[in-house]
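Have a look at the structure below before the remarks.
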């Protein structure tokens, strides 16, 4: 969770504007995939040299350039140069510890988002996705290869899809929508876990449960940090004055906005539930403990007076008439039974047992 | 509670705009009931084929189309086509996991609300109600057959009712008012339960009470999630610039708004009460436990020194003058009684017993 | 506390605009008292027939109509008809479970407030007071006969009083001021109780204290619900664009507003105090309990090793040289005393006793 | 703390505008001190008769009238009459339970503030200071004689001081600045106390500490109530449209505003610290208690099995071969030592001791 | 933490505008370093006499004057006089207990910030940095000599650096950026500590942990107090109407603003984590304690009935047939073993062991 901050600090001290990749070193090469389409035709190319992107600079078609892997700084720099991106955009793309945000520049809109996913071992990870929306192009930057944008590719290939007749802004919307939709998967799995822990707390409060609660809380903090700012990002896009976004696309952005609010709402619900969990756990655990202690103490309390009576008759005084009495022994046992009975009745009356 | 999220995620990945029913599969068929009225006359028809709705498209009368059951996607699609509804409206109608919201489109206003009801087994359920308000028509969409709108039907049938001389906006108001009025029933039953648990906590704190408190809290979270957004929905309608809503109807909407605030206020009051419950429960339970432990410990504490004395006189030393003394036994008993008395007086003084 | 909601729900389902009295059935008849005054003269009449109020409709004098008792719906309806009140006003007057609010209509301003009072048995009760401010008249509606407005009557009777030369708006201000002043009495008594409980918590924490804390909390919730909305009500009046309220009266309304803020401030202070009470109580109670347990446990802990020693010398082995030793018995007693002393010193050092 | 409310309620029921002194009856007479100055000259007079103030009504000089003691209502009334103060101003001056506020009237600005000071016995007290700022005069009202404004007097007497060449608004600023500066003294002493208690909690948690924490909390509530509204008061003055305050003085008011924010910030810091104190105390106290209980219980637990063994060999069966065995006694002692050792090793392993 | 307040109060009572250094007395002399540059050339001078600064008053070059050490009030005063700084600016520069803020004056913008650093012994310290931004100059004031601005110096010396062709506003931005970047270092170390404590809580809850939690909390309060207001400071600069800041620099300020938000976000995350820590600690500690108590109590509970049985057979009655029975002793041992077994099975069933 503090990873972002640690890495970020490596950059502190460098002049503002220095292009340094701040993130995990990815193994694979940086790859560039281009999909260039109009309503009638579509071209899909893997560009090997960033310089070749210049061909897509001033076309009438809609161009989607997807850059995967950020560690080859030169590629990013070249791309930025070709499309005239502001140095601060390039800096933010490379710094993968950004907070989701939306920034308008003179001729482009820059959007940073966090993709969230579950690893196989149940850990939540995030990946920074940057989008640059220009007049006729969208450039997306991913940290790692992944299939998150595959559904969008599929749909672009279908000539019937709405996006084919719309501009780059609708493409950008489709990409954002895909990312927000992913949140639902994560939230769903998270919901299952929170339910599981919540049930466990009542059924079988166990010291290990505390660990689970703590983990849930920490992941919630992590998720909130990624999702909350999306609210501003998307409402910023929707209400932006920029001519890059058409009225029609704004309606769709309003829809993504609603989804984001729904995700946030659910996260807050989980937060409310998680907040009460430790209290419930403590109550449950203390209830169980109290039950144990009460029964044990009652047993001890009944036998201590009995032991005392036995102790009295075990004294070695020479003149103890009871000891010589023929029925002394059974009488003493009866006395003990009587004392035990009286105590039991008293505890019962008090509703302690 | 997480149902919404789970089902929602089934849709994630589909292209935006795909019409897929996201909700429980209802058994019954989708039915369409039309009430078409002016001040003078009224027609009630059950339409079997969605295509027949075209007849009501451009009438001068006020038309209320009530669609029950959302699983026959074709019917919804056809209806949307006839009345020129935006694809996003249709999508939202079918996705029954929406957050209550109000959206203005060019010629319609779209409203999503949650009906809340108590099942017979005491569980709270919700049902999504969508309203589309057009120039001269209102289309309402319900998930399941139900009688919630019956009172409105009754009133429309009466020629004297105000709505008969007013437009579609007043009809929409009447439908919303009916739904908000339903909240009061739910809140009332919830209030009874919260009072019952609250009394129980003091009277007889019991491990089972924790379960009840937890359930109350979870249902409150659920209710808040459904009711809170209604505030924005109705104030959005009241303050909308749309010409679809007349000044006169706005006064009535202000009234519904007040009712919503009243429901929210009461929910917040319950939340405050529920928040303190676990604390009170813990205090109560720990008080009772402490009482038990104190009494038991005092009994043990008195008898342990007495047992010690008995133990001393039970030692087998050959030279223990007390043992041979004629009054040794009664004297030892007296000593024990004395010790017990001193301890009792001491505890009394300290106000422990 | 939930009374409001329960009763409110009886009305749910009725057509909006149905006039039904929602409140406790008051025994007495609905009475109408009219005070009609100019600077020079004053008339006080008890009107038996609501129809007679028509005479006061268009006078140049200032007219105050005070309606007591709301169960005779016809009287309210007739009054509304004469003064042309909007149906929603009449509905709100009769529904005594309103949240305090202020609503501007075309020619009237409608204000709902809650009077709060202490019953003799220490319970807080509220009563709904509605005011309708028109051009030259004020109509006030009370649920039950009471003397809350008596001071205003007294003052009107005095020809020197400022209000005699001012309009209906100043009269409305005077009535509101009277109600807000009443809050101070309630707050004062509440303050005394909160101080009493707060002192008790430290001095003598007692299971019954939890009950008191719970009651304080619930009444605070109740009071807040009645008083908080008054803030908006009065600031709404002060900032209203309506020509019904003169600049001069606005200055006085600002003054009442300050009083309301003062009441709210004090309520919040009490809330802060009450919030900490349970914590302090638990700390106090657990401190006392710990003291008890510690002393008792120390007594037991000292005697258990001593009993063990006695037990050893009570064993029946044939060859136990100590038993035959002449000073065995005093030596064993000395040993026990020594062990007890060592333990006491140890506990003392550890500052446990 | 509830004093304000109690006294305030004595006034409730009186007609608005009645001049009644609501505050503690001060022993001394009401005194009026006037300082009248221009850049060149200065006059200091003690006025015995409020009527004499009329002479200062329309001068070109800057006049500061300081009224000490509010119980002679006639003096206040006369002063108000001479300077044409609104009845509500006079009422507020006399009601010493006001919340700090700033009110603009047509030709004057009225400011109420709370002076806070520490009494010698460590109690926090407040005193209401009212300022009326007119065109060329400032009237200040104090409840009790005091030296709070002495530094301002000193400075006015120096012909070089900036205020001498500026208007009444700068004088008012200087007075307000003096009061806000006093807050720092109180906050400082409070800070020392909070540090002291905070250290004590860890070092030596003691039932008396709860009392200290409770007192700190209550005084914080009290301080907040006095200081928070000052924020609005001063920002209100700074942003006021009134021509009574020059642009130059506004810069200085912004400075006082910053000081107020700093005081509030520090109060909030203390609040955060105080909020956590009870938790830390409880943790600390429960840690100490647990340590005690654990050691005591371990002692008991070791000796109970040993006592049992002794008890077995103290039984009086005729055929107990061990008893007749020559090494029975030392063997039994060895057995006991062995059991004790095994238990000690077990507890050690479990890290209980 | 209260240092600021204590020292601040030393100044209370002085006339507003008195120049007094409020801060720790630094040992070294006040030094003035000037860097004066255009794109082509650069001059670096150490000025010994503040009066020499007049030469830089009206140059066309960009001048950065860095004043280190604030205790020589004359130097500050002289500097202020030469550059025509408002008296309030000088006062604020010398009062090192300011809250971060940004103030616009007619021809200058004044910014106060807090540099935060870790001392070698792990304590967090802050240092006040004041910036005055004029038309062609930036004056920075530091309390103590330090190397925080060294990277900026380095970069200015490089003729290629962007700032060389930009105005004083870009220089001010670079200085602010350097300070915000420093926050990341502090936050990183803080993050490491919070993780360490968080792990410790679960792994090995220890009374010392409370101290660590308390320290973390106090430092968080301290950090928040320094960092939060930076948000307003930088957004104030970004949105300021002043012509001193160019459009281009505003883009860079927006970037620093994002960094500040990121720091604040992380601080809030830490706050959330720290808030839950004490709860988790208490749960953990009470779990461990409960485990101990349960085992110990179970041991005691099993042996008390056994001791009772031994006590019975240790009674000295003359007629106790069991004692004379040949198998009495083994039978009694078997009885005891049986009782112990039954209890163990019972506890096992109840899942207590």
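In this document, chain identifiers A, B, C, D and E correspond to the written order of the chains, with residue numbering beginning at 1 in each.
What we mean here is this: contacts are C-beta pairs under 8 Å (C-beta built on N, C-alpha and C of every residue); 3 or more make two chains touch, one makes a residue touch a chain.
Composition by chain, UniProt nomenclature: A, B, C, D, E = Magnesium transport protein CorA.
Source: prediction; values computed, not measured.
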{"item": "Each chain counted as touching subunit A and subunit D at once", "value": "E"}
{"item": "Classification of the subunit A:subunit B interface as same or different, half of numbers criterion", "value": "different"}
{"item": "Copies subunit B and subunit D - rotation angle from C-alpha fit, nearest 5 degrees", "value": "145"}
{"item": "Centroid spacing, where centroids are CA-atom means, of subunit C and subunit E in whole angstrom", "value": "42"}
{"item": "Whole-Å gap separating subunit B and subunit C, where each centre is the average of the chain's CA atoms", "value": "26"}
{"item": "Of all residues in subunit B, the ones touching two or more other chains", "value": "282, 286, 293, 297, 300, 304, 307, 311, 314-316, 320"}
{"item": "Sites on subunit B touched by subunit A in the complex", "value": "1-2, 4-6, 8-9, 11-17, 86, 88, 91-92, 97-99, 101, 103, 105, 207, 210-211, 214, 217-218, 221, 225, 278, 281-282, 285-286, 289, 292-293, 295-297, 299-300, 303-304, 306-307, 310-311, 313-316, 320, 322-324, 326-329, 332-333, 336"}
{"item": "In the complex, subunit D residues that touch subunit E", "value": "151, 155, 161-162, 173-174, 177-178, 181-182, 184-185, 187-188, 191-192, 194-195, 202, 251-252, 254-255, 258, 261-262, 265-266, 269, 272-273, 276, 279-280, 282-284, 286-287, 290-291, 293-294, 297-298, 300-301, 304-305, 307-308, 311-312, 314-320, 350, 352"}
